[in-house]
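Same chain, two partners: subunit A is paired with subunit B first, then with subunit C.
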Partner chain A sequence: MPARPGQRRLKIEAWALVGPAVLIYALFVLVPIAGAVIMSFADLRLSGGGWTFTFGNYAEALGAPLFWRALGHNFLLLAASLLVQIPAALGLALFVAHLGRLRSLFRAGYFLPMMITSAAIGWVWALIFDPVSGPVNSLLESCGVGAESLPEWLGSQWLALPTVIFVISWRYIGFHMVILLAGLMSIPQELYEAARVDGAGAWECFRYVTLPQMSRPLKISAMLAVVGSMRYFDLVYIMTKGGPAGATELLATYMFSVGLEEGGRYSYGAALAVLLCVVSFAVVGGARLLLPREEEAEVVR
Partner chain B sequence: MTAEGERTTARRALRVAAWALALAWLVLTAYPLIWVIVTAFKTRAEYSGNLWGLPSSPTFGNFTDALGKDLSFTRFYLNGLVVTVTAVVVTTFAGALAGYSLARLRFRGSGLVLGAFVLGLVVPIHATLIPLHRMETAAGLGDTLLGLACPYVAFSLPVAVVLFRGFFASLPVEIEEAARLDGAGRLRIVFQIAMPLSRPAVATVVIFTGVTLWNEYAFALALLESPANYTLPLGLDRFSSAYAVNVPLTCAAIVMGLAPVIAVYLLAERHITRGLAAGAIR
Partner chain C sequence: MRIVRAMAALAALVLVVSIAACGRKGGAKPTVRLWHIQVSGPTKEVVERAVARVQERHPEVAIEAVGFKNDPFKTKLRLAMESGDPPDVFHTWGGGGLQELVGAQKVLALDDAGDLSAYNARALDFCLACPPSSDALVTCALPADITAVVFWYNRELFETQGLQPPATYAELRTVCRKLKDAGMTPVSLGNAQKWPGCFYFIYLATRLGAFRPFVEGKYDAPSFIAAGDRIRELVDAKVFNRGFNGIKYDASRREFFGGSAAMTLMGSWILSHARAEAPEFLPKMDCFAFPAVEVGKGRPKTVVGGMNAGYAVSASTKQKAVAVDLVKELTGKQAAEEWAKTGRIPARTDVDLAGVDRATKSLMKIMAEADAIQLYYDQALPSELARVHKETVQALFAGTMTGAEAAAEMAAAAEKAE
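The block that comes next holds the complex of A and B.
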């Protein structure tokens, strides 16, 4: 069917307008992702290697205990965001919503960590948790903890991960709080008045008015937590580089360390990048299935 | 005590507990920054003797040192400024044009284009780091500010496109139709009608993208090599470990990097929070 000249012009105009964005986005996001897939089947490295076709990188990754450990840490991070950060953020949002003049002060204070670059945050918290000169251990020491039993925090095999998760939560609770607070503030007051006329107490108001009205902001928060915990990188890399001995390794830090920093095993790193994408899409897809259908389009957009 | 009395006592106890927890968390979130600001005004000698107190005689020495020629924090600020401003300008214009096209002009493939941008909201963006590093090195873009600004634009575009598309779609078509009858072309309609009417969306994209990129660390770490090209987060990271002994100096550098961000936050808080949620909301 021949297109009318007007329609053809419209088509050209539409593509011309969308063109610059599509071009940059394709060149610097889509092409690199395709590049990761292609590279992952070769054996490119800083020294030697080449374009030989192999499944070896995937075999190696899936057989590496560190890969599975890192994956487990990503899921732990996800659990911490869903079970600790979001509930804590909801509690703080409920508190802040009832404040009068102090509301912006509290909101700004809670949100502050989101405005600071992770390079600075990681540095400050590493100082605070420094085993020798940090205030946390000085406090413990003045409480009578012996010098030999003072924890090493970020340097300890079993405490490093909880410490890192604490710092990440410290940063992101304010982020979820702001999203949930916006949701709380948009609940019509009449709903509460009507509930009170019907004899509802504070708990009933929360259970039967607030929570149902908050389902959308809560799902948005949960979705951002799911996406965020699979791609997490910054603070962990800055504070521990995934160490000590893999105790805080995440998929992204593992990929970065082996692929670019030590040894420069580009192809192995690319295979890890592809696996990172696969895991992310699987988890995001799973989360979308768990959310009620009518909401899904809204949440992911 | 009556049941009524017990209930008010319980409620009062709950209120006290809520205030205590909320205040404790506020102290915990704000204190590290306050400590950094206070420490930035101490000399090294005073810092080692007086870790937690106020400085006895505040000094600006750390700020001037950080900007001095041995430590090129001036350079890091300028690099960050150049990269951030370039990327924000390109993201805003390219995002607005694409958002307009997707909102107003139905064309074959528009669903696919929108889908590709929505995919960008969930893709783990760090997966692009290794191939980007190889591609940019091969193309001569490696370790350049342009080579950093390009991926910055690319991964900022999904939020910008989705936001602009949503905003433009909500504008009444009649104004544009009137302009078209007057002979205005598409570009004029976007720049002189749609964008001025969408000032909140423009502000959100500019401010949110600006703050995100000014603070961005991972791409700078992967793509930049020479210290002359560092942006602030990378410079902070590298110099805080190289100058681990000089804590007050690092604090001063952090304060100077944070000052513009805090100013932007105080002036335009709602735009930042809206931008954050735009990753999830239309």
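The block that comes next holds the complex of A and C.
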């Protein structure tokens, strides 16, 4: 059946409005992704190479110890996000929710790190943790820690990653807090009143009213943390460039340094990018499987 | 309602058109773009004045000079070259990096740029590269100034401790021990960016095994293994400030300028930084050559150095004459005299050097006595190997690799790159 003229005009208008966005999306997202996949099977590098078809980049990546080490660091960052950032954000959200008039002030304060560019955050925290002239070590020294046993922070093989993860958490806790706070504020007060009538204390209120009501915002936060941890790049690049000696290397920093900035191996970098995508999809898919079925139904509703 | 829709459609159209148009500037003069790395202070002014002189000679074009910091510049240029929109004139360090670009036919040969006899011959060597179409080396850039890595020291601290600049490696170790006993950091190092630590490796390898192992690409030669192990020795003797692998060059030089560290092994560019950041420290600053290593085959007068700034022209430039003129002006006599006054070592022989400071003069003396220059490995090597070189040296400093392990990894990477 031919569409009525009015309907067809609506369709054209819809495409005219959506078209530019779709075009830009295709041009800047879909085409580059396809390009990266194609490139990853070639051997393009700054020093020449060519379009010969090969699986060599994938074989090399999967055989590179640094790839697996970087992947491990990504999972550590993921674990820290889920086990430290989100619980801390929930704690802060509960604290801020119980503030009266000061609520918006505190909310803005905790959210502030998200408004500052990562470059500034990275530089300032690197100065704060400077082992020689940084205030952290000055403080430790004035507390009586000997000069020879002061921690080396970003220069240390085992402390560099925790230090960077601390700064990343400092930045993102406020972000998760805002999401969770919005969830907290939307819990109807009647539920608490009913619970109290039934004789529930503070802990029971939290355990049997707040937590179940918060499952959706918590899951949104968790999902964002999962995706963010797998593709994380900026603060690590600014603070350590993946060093010292690979101690803070993430998949994204490894890809950037080998593929572009220092190594100039475009195809190998593209293969790493594809692997990073595959790993991220797998992790996100795994995380989604952990969502109970009835909750999915609730989200749909 | 119709008007609203029409306006929305128009807005969408304008968005598309403006995005399509933002790549070019319509109607204006043709531009000649220069990308350099002199982002601040007097060195930036030298570039600006040279650009102004060329602009005056060529009013028909608009010269657009942009300065980037060192590390972002490398990334930017790489992206611009890959995307086919490179600047007309760009900074280069010569050596392997230049050869890569010449090999990819991105650089204009300058062999018809006229008389080059006023340039320092060794500096010109850094600008030679071999195009894919020929077997001969061709001049593909012109040098503005060269650099050399030496030990910079705080004369005041050395005097109060009664120390002399060491001439041998053993003496260096003794000096470090005495400074440490006096409660000072002997040597400041900021190795987060990986290249500052490489100077130790290059010097030790060159002193121990001379040039041949590197030239022949035998990266697991005994001299490389020994150089790596000596780095670990220095780290174990705690001659460096704490946490050096997490500190950047900016922070490490502050420590040296501030007087809490007595020495630092760094390129001559530290003079420009001293001038800009700690002019009161400059008179206290002096330098000595990297000491002789007793058991080594290498000659003690060999200096590790390179070209600090050269300028090359893109093969794709549409303003060839202006671009070449710009390169010649940036490396010309007037610019060279101005470079010398900012603490740089100009790459010309026709420069009047009246009124330069003590540290620069000492450096000039070391350079005059130098029998050869070993280029920085990361600039001599193709970028894939350069990366492995920097990674393994940082691992040596971190103590996560032995000299033999680092050498083996370098050799394996070289084999793969063949």
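A few comments on the model shown:
Simple rule for what comes next: the second predicted complex is superposed on the first by the 278 of 301 C-alpha atoms of A that agree within 3 Å, B and C clash if a C-alpha of one lies under 4 Å from a C-alpha of the other, contacts with A are read in each partner's own complex, and residues count from 1 in each chain.
The working rule: a residue touches a chain if its C-beta (ideal position, glycine included) is under 8 Å from a C-beta of that chain, and two chains touch if they have at least 3 such contacts.
Note that the structure is predicted; figures quoted are calculated from it, not measured.
After overlaying the two complexes on the shared chain, residue contacts for A:Arg101 are found with neither subunit B nor subunit C. Judged by the touch definition given at the top, the superposed model places A:Leu260 against both subunit B and subunit C.
The partner that reaches more residues of subunit A, of the two candidates subunit B and subunit C, is B.
After overlaying the two complexes on the shared chain, residue contacts for A:Leu17 are found with subunit B and with subunit C alike. Residues 13, 17, 20, 24, 127, 133, 260, 266 of subunit A are contacted both by subunit B in one complex and by subunit C in the other. The touching residues of subunit A, when paired with subunit C in their complex, are 13, 16-17, 19-20, 23-24, 45-48, 126-127, 129-133, 147, 150, 152-157, 160, 240-241, 243-247, 257-258, 260-266. Those residues of subunit A that touch subunit B in the complex are listed here as 10-11, 13-15, 17-18, 20-22, 24-33, 35-36, 39, 44, 91-92, 95-96, 104, 106-125, 127-128, 133, 135, 170, 173-175, 178-179, 182, 202, 220-221, 223-224, 227, 230-231, 233-234, 237-238, 252, 255-256, 259-260, 266, 269-270, 273-274, 276-277, 280-281, 284, 298-301. Against subunit A, the residues of subunit B that register as touching in their complex are 11, 18-19, 21-22, 25-26, 28-30, 32-33, 35-36, 51-52, 90, 93-95, 97-98, 100-102, 105, 107-108, 110, 113, 116-118, 120-135, 150-151, 153-155, 157-158, 161-162, 186, 190, 211, 214-218, 221-222, 232-234, 236-237, 240, 247, 250, 254, 257-258, 261-262, 265-266, 269, 272-273, 276-277, 279-282.
Residue ranges of subunit C in contact with subunit A, taken from their complex: 5, 8-9, 12-13, 15-16, 19, 71, 74-75, 78-79, 82, 100, 103-104, 185, 191-194, 241-248, 251, 254-255, 260, 382-384, 386-387, 390-391, 394-395, 397-401.
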